[in-house]
Each structure stands twice: as C-alpha cells, then as structure tokens.
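Same chain, two partners: chain A is paired with chain B first, then with chain C.
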Partner chain A sequence: MRLITEDILEDIALGAAVLGTGGGGDPYIGKLMARQAIRDYGPIELYTLDELDDDDLVVPTAMMGAPTVMVEKMPNGDDIVNAFQAVGKYLGKPIRATMSIEAGGLNSVVPMYCAARLRMPMVDCDGMGRAFPEIQMVTHTIHGISATPFALSDERGNTVIMETIDNLWTERFARSVTVDMGAMAMLAAYPATAAELREAAVPGTITQAERIGQTIRRARVQEENPVETVRQAVGGYEVFRGKIGDVQRRTEAGFAKGDAYIEGIDDYAGRKLQLSFQNEHLAVRIDGEFKVTVPDLIAVLDIDTGEPITTEGLRYGFRVVVIAFPCTPKWRTPKGLELVGPRYFGYDVDYVPVEERYG
Partner chain B sequence: MRLITEDILEDIALGAAVLGTGGGGDPYIGKLMARQAIRDYGPIELYTLDELDDDDLVVPTAMMGAPTVMVEKMPNGDDIVNAFQAVGKYLGKPIRATMSIEAGGLNSVVPMYCAARLRMPMVDCDGMGRAFPEIQMVTHTIHGISATPFALSDERGNTVIMETIDNLWTERFARSVTVDMGAMAMLAAYPATAAELREAAVPGTITQAERIGQTIRRARVQEENPVETVRQAVGGYEVFRGKIGDVQRRTEAGFAKGDAYIEGIDDYAGRKLQLSFQNEHLAVRIDGEFKVTVPDLIAVLDIDTGEPITTEGLRYGFRVVVIAFPCTPKWRTPKGLELVGPRYFGYDVDYVPVEERYG
Partner chain C sequence: MRIGIDVGGTNTDAVLMDGTTVVSSTKTPTTPNVTDGITTALRGVIDESGIDVSAIDGVMIGTTHFTNAVVERKHLTETACIRLGLPATVCLPPMVDWPDELRDVIGGHYYLAHGGHEFDGREISAFDENEIRGIAQQIADKGIKAVAISSVFSPVNTVFEEQAAAIVQDVIPDASLTLSSSIGRIGLLERENAAIMNACLRELAIRTIEGFKSALETMNIDAPFYMSQNDGTLMNADFAKEYPVLTFASGPTNSMRGAAFLSGLKDAIVVDVGGTTTDIGVLQHGFPRVAALAVDIGGVRTNFRMPDTYSIGLGGGSIISTDPLQVGPQSVGYELTTKGRIFGGDVLTTTDIIVASGKEDIADQSKVADVAADLIAGVEDAIEEMVNIAVDRMKTSATPVPVIVVGGGSILIQRDVAGSSEMVKPDHYPVANAIGAAIAQVGGECDRIFSLAEMNRDEALEQAKAEASEKAVAAGADASSVEIVEVEEVPLAYLPGNATRIMVKAVGNLKEG
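Then we have the complex of A and B:
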C-alpha cells in the first residue's frame, strides 16, 4: 500500500491522458476533482491486487459519455458516490475498494474522488490498459465477468441500475440512459473479487501513468525533447509529424465521433494522415493505408510540449507528433480482438501489431 | 374478495378495451395470457382496497411500449415476473398484491398473469380509470407517489431498475430502455400501501370493465344494438358515425402516433372527423374544431358489433361509431389537467368536459 497525495496527482493525470489515447476524459477536470477530494478527505490508499484478500470485492467507478460534453458539464461528485453505493446496496455486500475501469485523464482519477470521499482504498489496476469507448470493452469481459449490477447516476439525483444477460446489452441500455442524462453520467459496475481481478484486470496502471507523467514533467524542466521522452516512456514508435488540417466531428448516440486530417511536415512532407476517433483514437491511415489500429494505442502529442491532445482538443493548425505503442497482450487474443479489434469498429482490415510495422 | 375465473376473463378484457380508449394493449393477447395462467395456476383472488391492511404493499405490473409491436411480439411471462420481483428485491420488503396501472385490453390482465403465477392477490383498482401513453400519467402522481423503484424487464432476461427524482425522469429513461428492448417491455412500478392507494387510485376498475364486457356480450346474444348498449354501459355520448378514410401512423420514440380521418355517414354525412392518437385516442376534431380531448375517454366502436377498435386496429374502410365519456374526476383537477390535459399533448385548446358539449 502507498498513498496518493496531491503532489503526484498531476503526474498520474498527465500520464493517464497519454494512455487514454485521446479519450478517458479531460485530465484537467479530473485533476481538479481528485485534488479537491484529497484536500477535503485526505490522501488515498493505493493497494496492489496482491495486497487484497481473495474475496475482497472491488467495484470500478468512471465517467461515461461524450467527452465533448464533459468539458462543459462537470460531475458534482455526489453522482459518483450515488452510483457506487447503488451497486453496494443492490448486491447487499460490503465493497472493499474501487478502481479505474480505464486509463484516461479523467477516468484514472474519478475513482480517487470516490475513494477519498468514502475513505476507502483504490486498487492499482484497470480494465483496459488504455481507454475504449464502449462498456463491454474491458478485459473483465474476456474473463467472463459481468458488467452488472451496473449503476448510472446523474448530477440531479437520478440512478438507473441494470442487470443484463451480457455486457453488450449493458452498453446498449447504458448508452441510451447516458444520452437522456445529458450525454454524460457517472457509473459503477463490474463488481469482482480480488482473486478474479488478478486474472482479469490489467495490473499497475496507476503506477505506470504516474511514471509516464513524471518523465514528461522532468523532460520539460530539463529542456529535453519532450515528444521523444514520451515516446520512450511508453515504448512507442513515431508514426507521423504534421499540422492538423480539417477536423470533422459529430456527437452520435452519445459518442464523440469523427476524423482529423493531418498534413505532414519535416520527413513526412507531402503525405496525409487520417485519424479516426470515437471518444478515443481508433485508427491511423497514411495516404489511405491503415498503419495503426485498435487495440494498439495512438497518442497525438503537442510537438513542442509533448502534452497528449484529447480527441475533443484536436484543432486546426496544431502541430503534432503521432505516436503508437503496443496494447496489453490480453487484447491480442482472439477474444480480445473480437471485442476491440479493427473489424468491431467497422474497419475492413486485419489487426497488425504496431511493432510488426514499426519495430 | 372474489375469484377471477376463466369464464369472466373475456368480459374483463373486452370491457377494459373500451376503457382503454384505443390503447392499453391488445385484448386478444391479454386474454390468452391470463387464461393460460389461470389454467396453470388456478383462479386469481381479487381484493378491494378496503379488504387490505393499511400497510399492505401493492406493486402494479404492466406492458410498456408501442402496441403496434405487441401484436407481433408476445410477452413470455417470465419478463413480468422478473420486473415484479426486481422491485420487491430492491425494496427488501414483502409485496402483498399487484394491480393494473391502467385499464386496457392487455394492461388490465397482465397483472392477472403475475398474480396467478405468484399465487398472490390482485387489487380491484387502477391508476388511470382509462389508458394513457406515458409513465407519469397516473393518479398516483397527483398524490405524490413516486414511480420508483421502477423495473423494466424484457423477454431475454434483461432488467433495468430506476430510482428517479420525479416521475417525468422515470418516463424519459424507461422510454429509451423500452425502445432498446425492442419497443416493448414489461414493468413493475409505483409501489404504494393500501392506505395510500385508497386516496390515490381509481377504485373498482376491474369490476367496471367486467360489467361493460358483460353488457356487450349479452347485447350481442340478444341481437340488440351493441353500439348503443356500449354507449349506455359507459354513460357516454355518440360523437360521430362514419367510414375510416386515411390512417397516418408513425412509431416515434417508442410510441405509436398518428391520425385517422373518418368520413361521416347517416346524420354525419358530409362532415369529417380527425382522430389523433399516441398509443391511446387523444383528441377528436370535427371539421377542424376540437370536440373531445383528453382526459375524457374516446372509444371507436365497430358499427355492427360494438367491439372497441384499438389505435393499431384502425383500418381504411372500417365503419365505426365514435363515442366519448367522462374521465374520473381526479383528472379534472388542476394537477390532473397539468399531467394529461390537452395542452400537455400539444393541443392549444382548453379542456371542456365532454358532458358540457354533448350532455
């Protein structure tokens, strides 16, 4: 067990935003929320999965919805606690801890707010090792863990609890209810024991995010090349350098979907990259050819600061470096690729691991 | 207490279909379901509200969705029981009985299926004295009773439970989830004690439906004028006689909405009636002028048999008599009219009680 204190929050939020591949929520809002919670309720106990008893029940908490909305509508905190407590009440069992369902600027720290306020530990793991847009897209699903009881709460005081026959049905209902709640809601779901999570979860994500964030921060101070530092910290590959031209977006069924077109500079001059996203970056095409796809991670970094840019932050004129890096091996299994491979998202192309193309 | 046996079911379903004002579900499917349940599990105990103890908890059960879908997709029964038991489990309290939330060919008998299968009484009352399309449109709402915990279940085994800040939010979430469930779902909601229901419910609806159904059946046997018999049985007024011309329908947000245009015959020759519906008949305009509106009841009867025609049964060429009759006085209060008056449904006209125009 170690403590998450105010001074390491910024590193975690920044590093998690890199792992969030453009999604997982705005790191600025996430950081503010968690900081306030730590100031009000004290530091958060961060446990590894091995430090918990086999039967300890863990319930992840997260934000759900279109990140475009999130920027304007901040969660009020009661919504997170309501969702979390609704699952506990429904199960009629004590819950030992919370965790992140995904890595992301916001969704890595939402559980910290919940943990701080309820004076409860958080576990150093998540269900993706990155961020994905849909509810069923977690390593829990690969291991047969049900998303339900699944609770969604809004800032008004409404709560909806689902019990479904599979995790795809949870996604369907939860998406509609989230849209009704204003395209954003807070969720608690995927209750599982520590023993189950040792098989099913991606361990150490918070620590990994902290390490990445720390590296970026130090690089800035020491005036190194921050983009290169990030690339090395995540074990990734440079895919493109360019200037964002057109960005086309639509909010569709509660998702922020769209494409950004980036015109190459330096070594990439004369080439064009198309970046497709659905809350998260999903696929990179260069001159029409697929180069990187889900489940591997894509990060768009500010060329000067190395800061990751979220999908809703993509703007005309930004000069960026696109990097890509390998996903957790769990996603490269047949079951994993069925859940989050390129074909699930409608791309008629086989998955090729990023290191096979760039390694 | 008296018993509902197979031989009176048909009368109840038929009479309830008249009170259903075109909605409340298909009486044929309702009758089949309840009959099978009585054959399998025995007759149903029907209690009056006065026969229950003050604290006895009653939870209504019903079908929700577009009746157009209902015709093709029959509930499997487990869905009703799942919704009902989800509310009981969520409350953590024993439930004494079920009841109808509305009068209607199907929704008067859905609770009978639930009661028979769980060997539990049904109460002779409902929450409308007719049928209405939206969840908050019950006399319970006038009296401040919450719709939640509100459970929706589908035939696959999915259940969604809501706890909302008001009954309009329940309607919003439940409508989306019903659409996801295939535009039809079974619900259990509005838990209330017998003491509360003595204030808030419309008493005696099942007995009233049975009496209307009996009257129609006897009129047929005795070769009387069945339309006139129905009109007298409900204390109503003849509004129009004609032939259905055009019927325009659309399934919108899980509702069956539309208008039927009826060309006058006999005394009404040369005049034209526009009947607007949203699951239920809502308003009658004759030659462009509003003549009857919600919350008063409108029934479209087959000119020869006196059978009520549901909104989804309206067809070109049918010869019909349109009758109208007064709603329960609860709906004529300011709170009642706010919930279900013509302006709520978008008609820019004040409510005029049907007996003031036709009495």
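Then we have the complex of A and C:
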C-alpha cells in the first residue's frame, strides 16, 4: 500500500492523458475533484491486487456521458458516492475498495474522489489499460464478469440500478439513462472479488500512468525533449515523425470520427501516415498499409513538448511524433479482439501486435 | 478622424487616422499613471498633424492595464460569487483552482444556490428567490459590493442569472454585478473565473476609464471613446467599465487587425516582431483566429476567445551566442538602443547582424564591420528557419498564403517565408497595434448547445446567426453593416442523439453619431 498525494495525482493525470490515446476526456475536472477530496479528507490509499484478500469486493466508479457537459455541470460529489453505495446495498455485501474502469483520460482519476470521500482504498488496476468508448469494452467482459448490478446516479439523488443479460445491453440502457440525467452521470459497476480481478483486470495501470506523468514532468524541468523518455516509459515504438497535413472529421451515431493525414519529416520524409480515430486513436496506416491498430495504444505527441494531442486537438501544421505501444495481453485473446479488435471498429484487417512489426 | 491608442507595458503608441489614411503617429513610454501617458500620446499625434481637435470623431484605446492588475494582484476589489446549480457542482466550488494569494486578495467569498439548467434547457432545480435574498443579505452584511453570478449552462438560458441579479441589486442597491453569461461560454469554472475577475476589476476599470476621459478633456477632445476587446471589436467606454476583462487580449488582437488593415488582406499570416519575441497569428476574414484551448491569466484558467498566437524567442534585441551558434531566446529587450553593438554597447544582437549585412542602415554601421560573413549568413539562416517553422505551424493548409510583417523588429525578416504567396511589410508597420485599435468594429457572439431533435441544423444555424447579429447591434453596430464572420459547429462526443454546440460571431461597423 502507498498513498496518493496531490503531487502524485498531478503525475497520474498527465500520464492518463497519454494512456487516453487521444480520447477519454480531459482529466482536468476529474483531477480537480480528486485534489479537492485529498485536501478535505486526506491522501488516498492505493493497494495492489495482491494486497487484498481473495474475497474482498471491488467496485469500479466512473463518469459516463459527454465530457463537454461535465465541464459545465460538474458533479455534486454525492452522486458518485450514491452510485457506489447502491451497488453494495443491492448486493448486500460490504465493498472493500474502488478502482478505475479505464486508466486513460478522465476516468483514471474520478474514482479517487470516491475513495477519498469514503476513506476507502483504491486498487492499482483498471479494466482497459487505456481508454475505450463503450461500457462492455473492459477486460472484465472477457472473463465473464457482468457489468451488473450497474448503478447510475445523478446530482439530484436519483439512482438507477440495472440487471441485464449481457454487457452490450448494459451499454445500451446506460446510454439512454445518461441522456435523461443530463448527458452526464456517475456510475458504479462490474463488482468483482480481488481473486477474480487478479485474472480479469489490467494490473498496475495507475502506477504506470504516474510513471509516464513523472517522466514528462522531469523532462520538462530538465528542458529535455520528453518524447523519447515517454516512449521508453511506455515501452513503445516510434512509428512516425511528421507534420499534420489534413484533418477530416465526421459524426456518426454520436461518435466523433475522422482521419488525420501526416506527412513524414526527417527519416520519414516522402511517406504519408493516415491516423483514423473515433474518440480515441484507432489505427495507423503508412502509405496505405495498416501498421498499428486497436487494441494496441497509439499516442500522438507534440514533437517539442511531448504533450499528448487529443483527437479534438489534431490540427493542420502540428509537428508530431506517433508512438505505439502494446496493449495488455488480455486484449490479444480471441475474446478480447472480438470486443475491441480492428474489426469491431470497422477495419477489415487482422490484428498484428505492434512489437511484431516494430520490435 | 479617429485616434487609436495602444497602452502596452513598455510603450504607448498612438495614431491619428483620417478615414483610411494615417495622418500622424507617435511612440511614448507608458507611465505609471496611465492618464499622463495617454495625454502625452494624444498631444504627440495632434501637435504633429496640426489638426483641430473638433475634427476628431472618436478615440479607440487598447490596454493591458487590467491584465497586469490581475497578474500583479494589485488594485483588486473584495468580491463575492454566487453560483446557481445546486445540487450539481458542489464538489468543485468557485475559485477552487485559483492561486491562493489571488483568492486571498479578493476574499474568496462564495455561495452555492439552487437553479441552473441542463444542456437541453431543462432546469436542474427551481430558482429559489428567498435563498438568493438570504445570500444577498449575507453579502450586504460583509459590506461587499462586487458580486459575480454564475449559473450552470447559462449560455443556454440566462434567466436564472438575471433573476438573481435583480434580487441582489434590490438588497444591495449600489452593488456592481457581473453575470457569467454576459462574458464567457460553455465551461462553468472558466466562465465563472472570468466573471469573478471582472467583478474584482470593476472599481479599477471605473477609475481608469474616468482617467482616460479626463485625458481627453485635458486635450479638449469632445469625441466618444471606446476600448478594444479580445476579439478585435470595440466596446463603448461605459460598457468597458462593466466588462474590463474583455480587454485582456486586446494587444495581440490589435496588432493583427492593424496588419489586416494596412495590407488590405483578410486572410493571411501575421508575423509581429517585437524586441524579445515574435508572435505569429492567423487572420481569417480579417479577424484573428481564436485559440481552442483554455487560456491562463495570472494563474487563473479562462475560456476567453483569445487570438491563437504562437510565440518564439526572436526579436530585434535577441542575443547572438556563437559557440554553438544560437539566436535568442535571451534578449536585451528595451535596452537595445544602449546595449546593442551599433548603438555603442557590447552585446551582439539580431539587429546588429542585419545592419552588418548591409540590408538596413541604422545607427553606426562601422561598429559591426568586424562581424564575419559566415556568422551573418549563419544567423540569417537561423532566423529564416525559426520563422519558417513557426509560420508553418500556424497555417491551416498547405496552400501558400500571404505573410504580413509588422512590429518594431520587422527588419529581421529579410527573406521570403516558406509557403508564403507574397510578403507584405506595410507602411506604418511599427504602430500596427494602435492602428488596429483605431479601425476596430463592433461585434456579437452566440455560443450555445442546440438539440437537433427539436429543430433541424439549418434552423439552429439561422437562430444562432440571428442572436449573434442582435448582440452586435446592441453593442453599437450599424445593423446594415453586420455580417457573420465565423461559424463553428462541434458535435458533442460520447452522446447519441444530436446535440451540437454552435458558435457564431457577427461584426459590423460602428454606428456613427
């Protein structure tokens, strides 16, 4: 066990933006919530999965809906606690800890607010090892852990609890309840024991986010170029260096999709990279050929500052380094690829692990 | 005739313009008492031209005075903030992310009340008149007069902020109120921050603007005067007393607007070379392109529509180091005329190199006769590369565009910028910022989330355009001259259905008389 203090929180939020692979929402509001809770209630205890007893029950907490709404209608704070406690009440069992459902973006830090408020531990793991747009896209699903009982709470005090036949139905119902709640809601779901999570969760991802954030911060202080240190910190590969030449965007079924075209510079001069995104960066093609796809992680970093660039922030003229790094082995199983592989997102291509092409 | 004045941190620039002709211009040092500096600048342009002051139709002033007050934590008034949105937003109270010393300076008083709206216009909770009256009484008891009011999704519906304002005004008749919806856009904390900063600056704004007025009176100028805003449009002096924060970015905006005017170009890249930095911005339809990200002022996050500029450490005073060859970012700044080699100093600057190359003849060229040809070539190459990369970064497409060079350090730009269709260094380039103030128009803006379940996209766009135009006319624009200069649509991510955020900006010429 170790403590998450304000300083560590800053690093985690910065690293979570890299793991967000272009999406997951700006961690800013989540970070402020967690910081305020740490100031009011003290630092948060972060446990590894191994430090918990087999039967300890863990319930992830998260924000669901439009990040654009969250910057305007910020949560009450009781809402996330209500959702969390509703699951415990429904199960009739004490819950030992909370965790992040996704280590990338906003939801990496949202559970810390809940943990600090309830003076309850958080577990150093998540259900994605990155960010994904839909509720069923968690490693829990691969291991047959149900999303339900699934609680959604708003700031008024409303809580909706659901039982569904599978995690896809949960996603469908939760999306429409969230809209009724004002396009943003707090959720608690996927209750599982520590023993189950040792199989099902992606371990150590909060620490991984912290390490990435720390690397960027230190490189900035020492005025070094952080790009290379970030690449090393994530164990990734440089895929491309170039200048964004064009960005095309479209909206389909509520998702912001598009492609950015990046013209190579330095060693990559004369080559062209196509980056496809749907909230997160999904696939990289170089000169028409698929090079990296989901579920591996793709990060687009500013060539000078190492700052991760979100899909919304992609703009003509930015000079960027595209790095890619391996996802958790859990996503590379047949069940994992069915959930989040390239075909789920509409790319008719087989998944090839990034290290097989670049290692 | 119009007079444009730019009150910067170092210099106060003024120009007198007759229609589109620059009659006279001046650069004087900014004084601690801004009134004196403005009086000197006014006297400079009027005396030089020999015109009768009765010929002056308007005076336009751009200033960084209010920005500096926040940055320096000076002259700020104790302020209370009321936020309507309970039961939402409790976990992040007003001023939560402010630097402690700034929050302490203005007292850190805040109150949370019921009210607020959802993104689609539904109420979060009902407005409670008694609750607001009670809060207003507490504020009155503390003797606080400056009050900022924010409400969740007030850009969608302003009614709760207005109702609360009426009650506070009733309880505290001499309160000065700032409503977040009248200043900012979506993003509660940022908009509220702007409202609070505005509230705490209003006393200073009244004093400063009265000071400007008395400077005009000293010079017997009877014309109305205006302040320039972040977006390059004008507000009249009384409006400026109510909204000082709207001047925060007027400096870079004015220089870009001046560049557009002087060059006659509406779509171009502007390279503004100062003493220490070069700011590169993009003109779209004659106005600066605005930044998409949050802007930090004095440690406080805001979402003002600031010009999207990219700064590099290159200016007329940038210091050259030779081993290895490097240009800037250290600069002698305003001390160039004493420290630069051509001025008899011992620091080699970019200006010295340009003079040594024989391309410009300033001060004493013989003092740089010893500078080696390969060093001159090396520095010129370095400057070219710095500017090329920065300009390319700001471009929106690969198509060549015109590049306009303005600012006191413009002599550094001797070569064509890569990707430029033409290079323009207009007359009067050193005072482009004051010219930008002189020629400013008035504008209005609409920034809301529209639910396209209730109306189709074209109807939503029309409604947004109409709102923006109405606001421009309300701000003083001649209705027949109002045109839409910017439309931006952002679909909301992670949501089914069709909620879209639409931002529209309209501008028009100032109505005469």
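In this section, the second predicted complex is superposed on the first by the 324 of 359 C-alpha atoms of A that agree within 3 Å, B and C clash if a C-alpha of one lies under 4 Å from a C-alpha of the other, contacts with A are read in each partner's own complex, and residues count from 1 in each chain.
Basically, a contact is a pair of C-beta atoms (placed from the backbone, for glycine too) under 8 Å apart; a residue touches a chain by one contact, two chains touch by 3 or more.
These figures come from a predicted structure and were not determined experimentally.
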Task: Name the contact category of A:33: first (chain B only), second (chain C only), both, or neither.
output: second
Message: Quick one: is A:173 in contact with chain B, with chain C, with both, or with neither? Answer first, second, both or neither.
response: first
Message: Under the stated touch criterion, name the partner, chain B or chain C, that contacts more residues in chain A.
response: C
Task: With the two complexes superposed on chain A, say which partner A:248 touches: chain B (first), chain C (second), both, or neither.
output: neither
- request: Would you sort A:76 into first (chain B), second (chain C), both or neither based on which partner it touches?
  value: second
Message: According to the stated criteria, A:90 is in contact with first (chain B), second (chain C), both, or neither; which is it?
response: first
Message: Just to be sure I read the superposition right, which of the two partners does A:225 touch: chain B = first, chain C = second, or both, or neither?
response: neither
Message: Just checking: does A:161 make contact with chain B only, chain C only, both, or neither of them? Give me first, second, both or neither.
response: first
- request: Once the structures are superposed on A, label A:333 by its partner contacts, choosing first (chain B), second (chain C), both or neither.
  value: neither
- prompt: Across the two complexes, what residues of chain A are contacted by chain B and by chain C?
  reply: 156-157, 176, 179
Task: Would you mind writing out the residues of chain B in touch with chain A in their complex?
output: 86, 90, 156-165, 169, 172-173, 176-177, 179-180
- prompt: Tell me, which parts of chain A touch chain C in their complex?
  reply: 25, 29, 32-33, 36-37, 65-69, 71-78, 113, 133, 155-157, 175-176, 179, 182-183, 243, 245-246, 251, 253-256, 279, 312-313, 315-319
Statement: Seen from chain C, its contact residues with chain A in the complex are 85, 87-92, 96-97, 116, 118-120, 122, 124-125, 152-153, 186-190, 292-293, 389, 392-398, 449, 490-497, 499, 501
